[in-house]
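Some structures are shown below for you to check.
Across the two complexes that follow, subunit A remains constant while its partner is subunit B and subsequently subunit C.
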Partner chain A sequence: MSRRALVHVYGWLLLTPAAILLVAFTHYPTVTTVVQSLFSTGSATRPSRFVGLDNYRFMLDDEVFWKVLWNNLWYALGTIPASIALAILMAVWVNRAIPARGLVRMAYFTPTVLPMIAVANIWLFFYTPDIGLIDQVLGAFGIPAHNWLGDPATVLGCIIVMTVWKEAGFFMIFYLAALQTLPPELEEAARVEGAGRWYFFRRVTFPLLMPTTLFVLINAVMNSFKLVDHLFILTKGGPDNASSLLLYYIYEVAFSFFDEAYAATLTVVLLGALAAIALAQFLLLERRIHYR
Partner chain B sequence: MSSAVTPGGPLRHLETGAAWLLGLLWMSPLLYAFWAAFHPAEYVTRFELLAPLTLDNFATAWARAPFARYYLNTFALVTGILAGQLVLCTLAAFAFARVQFAGREIAFALVLMQLMIVPEVLIVENYTTMSRLGLVDTITGIGLPYMASAFGVFLLRQTFKTVPRELEDAARIEGCSMMQILWKVYVPLARPTYIAYGLVSISYHWNNFLWPLVITNSVETRPLTVGLAIFGAPESGVDWSIVTAGTLIAVAPLLVAFLLFQRQFVQSFMHAGIK
Partner chain C sequence: MSDIRLERVTKRFGQTEVLHGIDLAAASGEFVVLLGPSGCGKSTMLRLVAGLESVTTGRVLIGGEDVTERSPAARRLSMVFQSYALFPHLDVAENIVFGLRVRRVAAADRAARLRRVAAMVGLAHLLDRKPAQLSGGQRQRVALARAIIAEHPICLMDEPLSNLDAKLRHEMRIEIRALQQSLGMTVVYVTHDQTEAMSMADRVMLMRDGRVEQVGTPDELYQRPATTFTAEFIGAPPMNILTPSGAGWAEREPDHAPLPAAASGARVGIRPEDIALADHGLPVRLHAADYLGADSIVTARVGDQEVVVRVPGRLRVRGGETAHLTWASEAVHAFDATSGRRIEASETQ
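Up next is the complex of A and B:
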């Protein structure tokens, strides 16, 4: 074999171990998910058969599907802008020379290293009616107890607050890194011009942080679809699916109702959403953004 | 004196105070967990300075669930995944960075697909695959989908690309084979990336839940997070202070490591995110 051909073989040999696993657990299941969504769920008496788009028709009529999709949207809208705003605030604060800066930064970042299950265990007690911490504190001010996680009106809000707490510190570090790369001359110039602080942030710092914001935004949107661990502890998606999210619903359909075909159909929707986000990332981030 | 970025006078103190307050607020759920875990049950919502300290909650939690076994499982899982990732990602990243083979670009694009389609999303089909392979309820079964990590390949490829070609050429003149070049030139120079990736991977898999929940069903394989979820579930009827103690038992190693190597952790997450 020629030396050139040998290089090709060599490259593929290096890639093979990783490629086998990637194909087995990413590409192959992606394809079988789509295929499975076109078949019915088989049972001992009735084997799986081709049903075309029946599963999708069923999905469009499934109220729970629309419910979890809306929940996902509200969950994203509730967590993302708040965590990003807090992350920027935190980063600006710990970027300055304040006393005990290391400690403050650590306090902001610590929730990031905790597993969602542990976080949910702790927050569950805050939200517990009557004996929980929130009701105890509010009770001291004469505010009546409330079943925070049992009320469809408040449950998603509770989960959003907890998620913001978990994620803001993680996003902070990216802003911190970005702030540290901003040239100090900008501040000098702004001072000479007599620019106010808020004006400086709005017209200089924030636009320069735009690439970071986009990066964080894409990650946050992806997370809002992938992160459902806390639901297992806090609500199990209830009450009446008021806090359920798409991936949690997929889990329920597959492993509680054992309807694989329908779970695959829902997974196709999730894959579509993730693909759309990735495409947005490609169009927005890879081409870089220009500011004037 | 006031400036555009740093305020002066009273405003400066006000802001420092606000930053501290937010820090305190952010720590309070965890501080509260410590309070509940180290005090008898009747002090769960009674905050008295002289409340007696106790380790009973930890002893009870430890006795109520096989935490030692969960620790062992998580430890085996996390090290197994990391070892697999380091080997597989190094080889693949080296191929992508420095070997000109046919189909390289398209293969790389296919690898990057996993950044978007993480294994958690495909729990249904991956479960079917695992049962065909006979790997349901094994630690290998939990770890296998994560070992070929697109993220790891991407990070290492970026790092390998920054290694000067001259070093590689020099090693080749010395008579090193490709594998020796990878091992003696590229791997040592990528050390910071390995550390950053390692810390991120360990934190991720120590905390990972959904896929391990789906694929395990016995004490012998369950990692800490899944064990903790069963232990802490409201229907298990365990006391609040004991659940908190169990929670702290599960997060302790990672939390202690984080507190000790705080800077390293923060920088690793930063490094891994920005590349």
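Up next is the complex of A and C:
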């Protein structure tokens, strides 16, 4: 064999383990999901058959689908900007010389280390009517108890607050890392010119953090569709699907209603949406970001 | 008025005191260089003048006013950083007018000043580039432009040329000096390079371990170093500091290699450029020669002491040859053997 061919073989051999994993656990399931969404769900009496886009037509008429899609949208809008803003704020704050800086950083990071299930349990205690922390505190001011998670009007808000609490610390770490690569002379140069703290943040720090923001934004969007662990503990999507999210609905359809074909259909929609969002973010933001 | 005065300034970081009571006076329009080895406190001192650090004790006065407690911006000065501190995401024009925007200078005025300053430092064709697309020298010019567009009477510079190559450094030295003189700025310039200090300064303040070693014009520091530290810091190669006793010195011919009367028990300093090779004088053994083009730097030995001599042209030394060194009596400086302080000596023996 020629030297060139050998190099190729060598290259492929190195790639093979990763490629096998990727194909077996990502590409192949994706393709079968798409295929499955075009068939009906089989049962003992009626075998699965090709139905074309029937599942998608059914989906467009499914009220619950629209409900969870809207919920997901509000959930994303509620969690992403808030957790990013909070993350930047905390990062800028703990990046300065404050007493017990290490401890403060740790404290902010703790929610991230906790598993989502544990976080949900903590917040379940906060939200519990009457004996929960929130009602106890409000009660001290004479405000009547409220079933926070049982009221369709407040349940999504409760979930949003908890998610922001959990995610902000995680994003803060990325911002903190980015802040520490900024040379301190930039701030000194700005101070000599008379720039205030806010002006400096707006004109220098924030633009220089844009690559981090893009990274964090993509992660946040993905998470807003991906993270549903807390729903299992807190609400199970209720009441009346008021807190259900797309992925949780997919789980219900697949493993509670055992409608595999419809679950596959919803999954394809979710994948499509995520791909579209990621692409749009890259294309729109890429041009406006300064990479060093 | 834009004179700067520091009065008995000390600076402590935690437990360590890095400046031990410094006095400095820079007159309006003067170019003062803070010179000294690495870690002696030059940058710290400049940052105290800028207001980026606060003094532990002492006072800072600018234009006769006490500004010790004032913010950097309120001191109305500009600063050029060693790393240039350009904003990487802003283009050259925005970098230069950054401060004008902060101070809300009107757009028309801003544009006019930008055009004038850009032409002055030769950046007019690069205004829409990002700093990453510039060479080191061009970045240096942007930093300079940002400092002078403010039209502040005082400019502080912390080793602004240390990231440039030798040729560019030479050009920028001349340019900075010319700009300073045409704009009448008061400049405090930090460097550890004595060539920069000698060629640019009206006055040099030589520092050592957080203290002032000597203040004077470049000429004074070169001609009359107050201590052996100054003597060895100024001049390249540095002055020879010798103890005139022991092997070799006994055979010295005083007519050709005179020493001052004060020299007994003291140390003497003679600059390499003041010594010549001759047939009479101080007998030495040649060791090596460094050819530099216009001249050669010859290393010789008297007993176990090393003497460096600058001779014109090229000299080949194989090592081990004997020769004699000669010098004029005015060329000899005497220093106290223990304190290192200069001993004034008019007589020679």
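Just so it is clear, the second predicted complex is superposed on the first by the 282 of 292 C-alpha atoms of A that agree within 3 Å, B and C clash if a C-alpha of one lies under 4 Å from a C-alpha of the other, contacts with A are read in each partner's own complex, and residues count from 1 in each chain.
Operating definition for what follows: a contact is a pair of C-beta atoms (placed from the backbone, for glycine too) under 8 Å apart; a residue touches a chain by one contact, two chains touch by 3 or more.
As the structure is a computational prediction, the values presented were derived from the model and not from experiment.
When the two complexes are overlaid on subunit A, subunit B and subunit C sit side by side with no clash. In the superposition on chain A, contact of A:195 is made with both subunit B and subunit C. By the document's definition of touching, neither partner reaches A:143: not subunit B, not subunit C. Of the two partner chains placed by the overlay, only subunit C lies in contact with A:208; subunit B stays clear of it.
When the two complexes are overlaid on their common chain A, residue A:73 makes contact with neither subunit B nor subunit C.
Contact with subunit B, but none with subunit C, is seen for A:271 once the two complexes are overlaid on the shared chain. Which of subunit B and subunit C touches more residues of subunit A is settled by the count: it is B. Applying the stated contact rule after C-alpha superposition, one finds that A:123 touches subunit B and leaves subunit C untouched.
Of the two partner chains placed by superposition, only subunit C is touched by A:183; subunit B is not.
By the touch criterion defined above, A:53 lies against neither subunit B nor subunit C after alignment on the C-alpha atoms of chain A. Figure legend note: subunit B and subunit C, brought together by superposition on chain A, show a least Cα distance of 5 Å. Residues common to the contacts of subunit A with subunit B and with subunit C across the two structures: 190-191, 195.
Those residues of subunit A that touch subunit C in the shared complex are 183, 185-186, 188-195, 199, 203-204, 207-208, 290, 292. Residues of subunit A that touch subunit B in their complex: 7-12, 14-15, 17-22, 24-30, 32-33, 36, 89-90, 93-94, 96, 98-100, 102-119, 121-126, 131, 133, 136, 165, 168-170, 173-174, 176-177, 187, 190-191, 195-197, 200, 215, 219, 222, 226, 228-229, 232-233, 247, 250-251, 254-255, 260, 263-264, 267, 270-271, 274-275, 277-278. Those residues of subunit B that touch subunit A in the shared complex are 3-7, 15-16, 18-20, 22-24, 26-27, 29-30, 32-33, 36, 44-45, 87-89, 91-92, 94-96, 99-104, 107, 110-111, 113-129, 144-145, 147-148, 150, 153, 178, 203, 206-210, 213-214, 224-225, 228-229, 232-234, 240, 243-244, 246-247, 250-251, 254-255, 258-259, 262, 265-266, 269-270, 273-274. Contacts from subunit C toward subunit A in the complex involve residues 50, 52, 71-73, 77-79, 81, 83, 85, 87-89, 98-99, 102-103, 130, 132, 146, 150.
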